[in-house]
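Worksheet for the structure shown next.
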Amino acid sequence: MMAPSKLPRQLADTWQSRLGLAPAGEPAPPWATSRWFNHEGAPLQPAALRGRVVVLHAFQMLCPACVHHGLPQAQRIQAAFAADDVAVVGLHTVFEHHAAMMPVSLEAFLHENRIRLAVGVDAVAADATDPIPVTMRRYGFQGTPSLVLIDRKGRVRRHAFGAEEDLTVGAAIAVLLAEVG
Amino acid sequence: MMAPSKLPRQLADTWQSRLGLAPAGEPAPPWATSRWFNHEGAPLQPAALRGRVVVLHAFQMLCPACVHHGLPQAQRIQAAFAADDVAVVGLHTVFEHHAAMMPVSLEAFLHENRIRLAVGVDAVAADATDPIPVTMRRYGFQGTPSLVLIDRKGRVRRHAFGAEEDLTVGAAIAVLLAEVG
Amino acid sequence: MMAPSKLPRQLADTWQSRLGLAPAGEPAPPWATSRWFNHEGAPLQPAALRGRVVVLHAFQMLCPACVHHGLPQAQRIQAAFAADDVAVVGLHTVFEHHAAMMPVSLEAFLHENRIRLAVGVDAVAADATDPIPVTMRRYGFQGTPSLVLIDRKGRVRRHAFGAEEDLTVGAAIAVLLAEVG
Amino acid sequence: MMAPSKLPRQLADTWQSRLGLAPAGEPAPPWATSRWFNHEGAPLQPAALRGRVVVLHAFQMLCPACVHHGLPQAQRIQAAFAADDVAVVGLHTVFEHHAAMMPVSLEAFLHENRIRLAVGVDAVAADATDPIPVTMRRYGFQGTPSLVLIDRKGRVRRHAFGAEEDLTVGAAIAVLLAEVG
């Protein structure tokens, strides 16, 4: 588990240094998905979730750190915040063992583990020799689990690889929530 | 463990309803202490900590929920935030088994559990028949563990009895941190 | 988690009542498997393991109680006892979500979770409409996880469905180990 | 946490090597206690418990490894085995912070943690300069937690310092239980 970073002294600096991005930031790239579970209608997109803070949890169903830490944390986030304030979205970014984690397996996994999060299946790369799915490459994920926080204006503000502490994730979400404006 | 309350939909409402207090709030009552551990100099007081968010963790060293949940959480809070932003303070509010939890026992407890928090010993009531110590009565704690959040202006903004989730405590601290100025 | 049953007062009675079987018992039915992981050569069979105590852990890779309790326990058993005394064998008894838990998925699951146990894949029923695999039906498993203890003479001596405590499982294994000769 | 030792291959050797003592062994030294909790009548003694397997758990109430591992394990042992087969006894062996762990504190500790084990208070040494209590010195404990297994004939058969796995403790108890007669 990665050591939690401290919230730095100056709060203005805190946000910048914690998030690693300028406050203005880049808009979150669109999500390329082939299928959704626990969600009906048009595929979810960060642009369509503007006004809310978005927590994107990228995982693989056979990644132990995702099963034991990342997904339970994503479920706790969904339980702790109102859906109108914070949208928690799962993204199944398979970059290894592709045949082992097909959507039919993911569907049973979500069912058996009672995961009610909306989960998109990251789209396979157009280049069939590329094991990295489209959204994963767009966002530059280093692996799974990865946690992305997107602000109310649709900009990526935080990007973390590996296990994170609930305290600091909760604090970061609240900082983005407080940016009402 | 108490169910975590959801952050309500309207953020302006959220803060009020979560904290149960008007934004203006009352100044935090002073702490009446007979002794401090892990702190030298003048006894700590909320007024002297203005400018920082203060997390006051009231506990008893023989209270299982304090040992297994509250104190580890207080230590995680201290590790997660910079000391110049957030002051985490312990208060040993003995209201039962007084002879069992004298300062000599508390000192060994803190040492053996490697608790580095500043911990004040809540002062015994002037009325010798009153088992409730002075600060506990001033704050109206229902028992231990109790967690109080005091804002940068020294006002009590949140008051919780029992176990709380890290996610919501981290979020509440960040909301107070964001109230700069 | 099921309540642990107490070892009854009379040790002679203990074994019988705990195991629910007469000491003589029935020979363990053979295992019908289509494939093995972490094992090379002829398929494992209880008859070929005579002389050792055999711990058979029946699981499904997407069964949460198996992932979080049963498989870690099986790994602890393998670590705690010498391989010449106790043979720990996994059996993947898929009786639901068949397409989700094909051997290609099981292989990745074992790899990612670093499970070194020999694991057999329970054979699909000859009757294609029967979702229950062959060995599961022979043993009468009620579901997963199931834990079977087979004594040094190849007889089923204990048969448990659901989570069990390490203390009582360790005790039961030792009782069978003590039946030398 | 100490690594669990494997039960060695030859069962005859297993018992000897695991227990570190010849099967004949020495009789367990008597317990020197100044007081008992959760037990009325004559002070408990190993000689008076002959016929049963005795599990002696030596602890200090402010020792974190005792609070978080040793005492919960002792309670699980008491719950898993019948009282007529296995007697679980606690011994409060204070060798440091004496003033912090007086009987009045121990009593509240046992009450608050709902520990129903019979617990004896190890007697202070006759030599007032010796911090090691009498029974601790007789048994040669290296510290707390220590776990001693005494067989049905009153002989010390196993002596462990530090955390132990439930699986191996359960197995060792069962081996002693199986020594009927």
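Letters A, B, C and D mark the chains in the order given here, with residues in each chain numbered from 1 onward.
Everything below uses one rule, namely that a residue touches a chain if its C-beta (ideal position, glycine included) is under 8 Å from a C-beta of that chain, and two chains touch if they have at least 3 such contacts.
From a predicted model like this one, the values you see are computed outputs, not experimental measurements.
**Q** Determine, using the mean of C-alpha atoms as each chain's centre, which chain is farthest from chain B.
**A** Result for the farthest chain: C.
**Q** CA centre of chain A versus CA centre of chain D: separation in Å?
**A** Computed from C-alpha means, the inter-chain centre distance equals 49 Å.
**Q** What's the distance between the Cα centroids of chain C and chain D, rounded to whole Å?
**A** Centre-to-centre distance between chain C and chain D: 33 Å.
**Q** Need the CA-centroid distance for the pair chain A / chain C, whole Å please.
**A** 38
**Q** Residues touching two or more other chains, restricted to chain D: which are they?
**A** none
**Q** For this assembly, give the contact graph shape among line, ring, star, complete and other.
**A** Topology of touching chains reads as a ring, each chain with two neighbours.
**Q** Which chains touch which?
**A** A-B, A-C, B-D, C-D
**Q** Quick check: in the complex, which residue numbers of chain B touch chain D?
**A** 62-64, 67, 97, 99-101, 104-105, 107-109, 111-113
**Q** Mind pulling up the chain B residues that touch chain A in the complex?
**A** Within the complex, chain B contacts chain A at residues 4, 6-9, 11-12, 14, 76-77, 79-82, 84-86, 165-175, 177-178, 180.
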